[in-house]
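First chain written, first letter: the chains are A, B and C, and each begins at residue 1.
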Amino acid sequence: MFLQQLINGIAQGSLFALIAISFSLVWGLLRMVNFAMGELYMLGAYAGWLVVMHVTPNLGVALFAGFMVGWIVGWLIEKVAFKAMRGVPHIASLVCTIGFSFFLKETASTLFGAETKSMPSYYSQTAFTIAEANISWLQVLMVAVAIIMMVLLQLLFYRTKVGLAVRAVALDYRTASLMGMKVDRVTSLAFSLSGALVGFVGVLAAIYYNAVNAGMGFVPAIKGFTAAVFGGITSIPGAILGGYLLGAIENLSVKFMSSGYRDFVSFLILIIFLLFRPNGILGKKTKL
Amino acid sequence: MNTFMAMPLKRNQTPFWIGAVVLVLAVPGLLGGSDYLIQIATMMALYVVLASSLNLIIGFTGMYSLGHGAFYGIGAYTSAILAINLDWTFWVTMPIAGILTALVGAFLGLATLRLRQTFLVFGTLAFGEIVRILIMNWPSLTRGPMGIPGIPPPSILGFELVSSTQYYYLILVFAILMVFLIFRLYHSRVGRAWVAIREDEIAASSMGISVFGYKVLAFTIACLIAGLAGAFYAHFITFISADQFGMNESFLILTMVALGGTGSIIGPIIGALILIIIPEAFRFLAEYRMVLYGALLILVIVVKPEGLAGVKGLFAPASGARRFSFLRSGFSAECEKVEGAK
Amino acid sequence: MILEITKLEKKFGGLTAVNAVDLSVKEETIHAVIGPNGAGKTTFFNNITSIIPADSGRIIWKGERIERLSPQAISAKGIARTFQNIRLFAYMSVLDNVITGTHNHYKSFVWGAISRNARYRREEKESRELAMELIEKVGLADKRHEYARNLPYGEQRKLEIARALASKPKLLLLDEPAAGMNNAETEELDQFIRALREDGLTVLIIEHDVRLIMSIADRITVLDYGVKIAEGNAVEVQNDDRVIEAYLGKRRA
């Protein structure tokens, strides 16, 4: 039972970790939070669902659709909430993305209806059984995909020219722009990428939980943010660590308290870390 | 910025306010006694209070809260539980609800108001969710997801207030009192300290203003008023449940303040009136209500950041800091550091 | 000596912005702190007012150590300041800006504000009168209902001084008050600061306008790279080799 919870926690942690990376990507560049992250996740899930139901049952195509929708909408949000508002204190951008969050959620709910759509299951057969704990192929896939994504991101950041530009901008916006870097393009790219990442995660989550609805993004987004703060929002490894830890803690906490309090644990961790250790476990000790 | 409401202090606004009060007093007559319309008017009065109280936090002091719906809920639940379980009268439970909410607010404020703004938003949001989860999972006290029905209406000198017109006047008096109270606070030494903090924390502290103390004060008073509003709501609507006080509620109140205008007395009032009227006036829009709110919020912030009747573009940059100001990390103290080090 | 600073030090990472600076300010004098750009003058002011507390060193104000106090406590002790990069309350009227400066001297709080009791009314009246007096003194009386942000630069500087004076300080720190002022305004400022000294105020001033400094300062301290390199009256400082080198030497064009 314990082991099973831990395994579920790790699988879920992969989702949190990927969302957390998206948060720290944007944070690292702009010191901003995209509040509509959960809705990008939800839109990705709907995109995946539409593909699977109406186009092709191919999972790869569905994941790609989620990725693309996240990319496009993420790009759009950056244009309206960040680019158009350059020079305005960033709390305005944050509130603007709160507006986006509600707008997208309610639009989806009027477009697709309020009821939860069910997603066909993929790879739900048991892959391994360790001490009575079952690991499904899907869980293996989720962890594998998460790890591959993280490795790809690391390669992108540390082995490519684009990654170098992103890091330069994150380090010092002004100098980077004086050096002739296309700062706008870099931030726009990072923003779209973070959107694409959560869109992609949305499809995975839709399959894992076998459900798609308009409100599905809110809680995972807050948890992704929690995971990022937990591990250290300024570092991508921190975000990953935070994601897996949060997934494990949350699933194990069910043993100690009623499942109604499941989300409670995450919110509590968020508040406690914001108050006492806003740099997270791995974050650098800069004043945030 | 050229509206008379936006001018600081001076100008005599009394005739305007007297006119407004006379007008709202006449509302039931103008509506021809339609219960439905009077109920909407009552909700407007209630939201005027909620939006005005959030404006203390956002517009006057320059902080943010996404937990205002939760404070509203704490007030409603406190009053309802006391009235039902202990059979106390509304006139006792209502102030208790307000004070308890204020205490919770003060506690949260003491803990979180040193956070940078972005984190404050998430801190208050997480707090709001924690409140909702507690309400849902504490059935012995709150009846959990079933909500609390049958909350008794208040009575005045032995008369139970049952008709919607009576209720309208009750809540109207409450709303006028609260707006008046906020108005007086705003135009006082306390209000100046708040605005000074909003404008420039460093300069404010150099003037001898205790920045943190005044922030906690604003937060506490805003929560007190939201808690009182919650009590009035609970006894008016007679049935409450956790989902009435969730994120959507906090968001709705925030949108009212942002749309109507931050930092002025009239702004949140206008915002509350508009956002209650719109969905009612355009019934066919009812299901698109939240879509509309979201779109409105985006539009207002991008196009007219100070709202329809705000004093200051809340989101407008401080003077002289247009370019690159979005790169500032939180408090201007750090900018100062950079400047000092340069 | 009204203010005595010993071995004040402040580092930012590897950079020592203020390096073991000693400074004594005599009551009712005008004491200037000058130095090339980046000499650490503003940081020095920020240390004194605790906006950025110093790492080490002592600040003694009228025989009492104040280096650990908060900015608002220091303001309550009677030290007021202006800022190099003007920090007015932009969306407050000129009058309200100055009234806010009187914050320290009054006590009425939430209840006073709501009830408008006798004390509240007396305090409001007093603070308003003081503020009007100061506004007239700096020549902004007819603009008292304007938002501070709508004033031209020179007037914003004047308003900031008025706001600082509203707290009835014993020591006034002026951080480049003449920056952005034309000749006539600077001349006016010269007279104004002298008048403050006559009224019993002590003034510590950072300024780049050498003519102004040489005209009004009783004593001048020169900082370079955070280190005090010279101190004395105008003539002494002007003839100091290290000062000449710091300003004209090869190190800085």
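We adopt the following convention: a residue touches a chain if its C-beta (ideal position, glycine included) is under 8 Å from a C-beta of that chain, and two chains touch if they have at least 3 such contacts.
Computed from a prediction, not measured in an experiment: that's the story for all the values here.
If you draw each protein chain as a dot and join the dots that touch, you get a simple line with two loose ends. Most remote from chain A, judged by the distance between CA-atom centroids, is C. Averaged C-alpha coordinates give centres for chain A and chain B that are 31 Å from one another. Between chain A and chain C the centroid-to-centroid distance comes to 49 Å (mean Cα coordinates, whole Å). Our note on geometry: chain B versus chain C, Cα centroid distance of 39 Å, whole angstroms.
The set of chain B residues touching two or more other chains comprises 318. Listed in rising order, the residues of chain C touching chain B in the complex are 10, 12-13, 15, 17, 38, 40, 42-43, 46, 49, 51-52, 70-72, 75-76, 80-81, 83-93, 95-96, 99-101, 103-104, 106, 108-110, 112-114, 116, 120, 123-124, 127, 145, 147, 149, 163, 167. Of all residues in chain A, those touching chain B in their complex are 30-33, 35, 80-81, 84-96, 98-107, 110, 173-174, 218, 222, 225-226, 229, 258, 260-261, 263-264, 267-268, 270-271, 274-275, 278, 287-288. Residues 64, 66, 111-112, 115-119, 121-123, 125-127, 129-130, 133-134, 136-137, 247-248, 251, 254-255, 258, 287-291, 293-298, 301-302, 305, 314-318, 322-330, 334 of chain B touch chain A in their complex.
Across the complex, chain B meets chain C through its residues 7-10, 181, 184-185, 188-193, 195-196, 199-200, 202-211, 217, 221, 263, 311-312, 318-320, 333, 336-337, 339-342.
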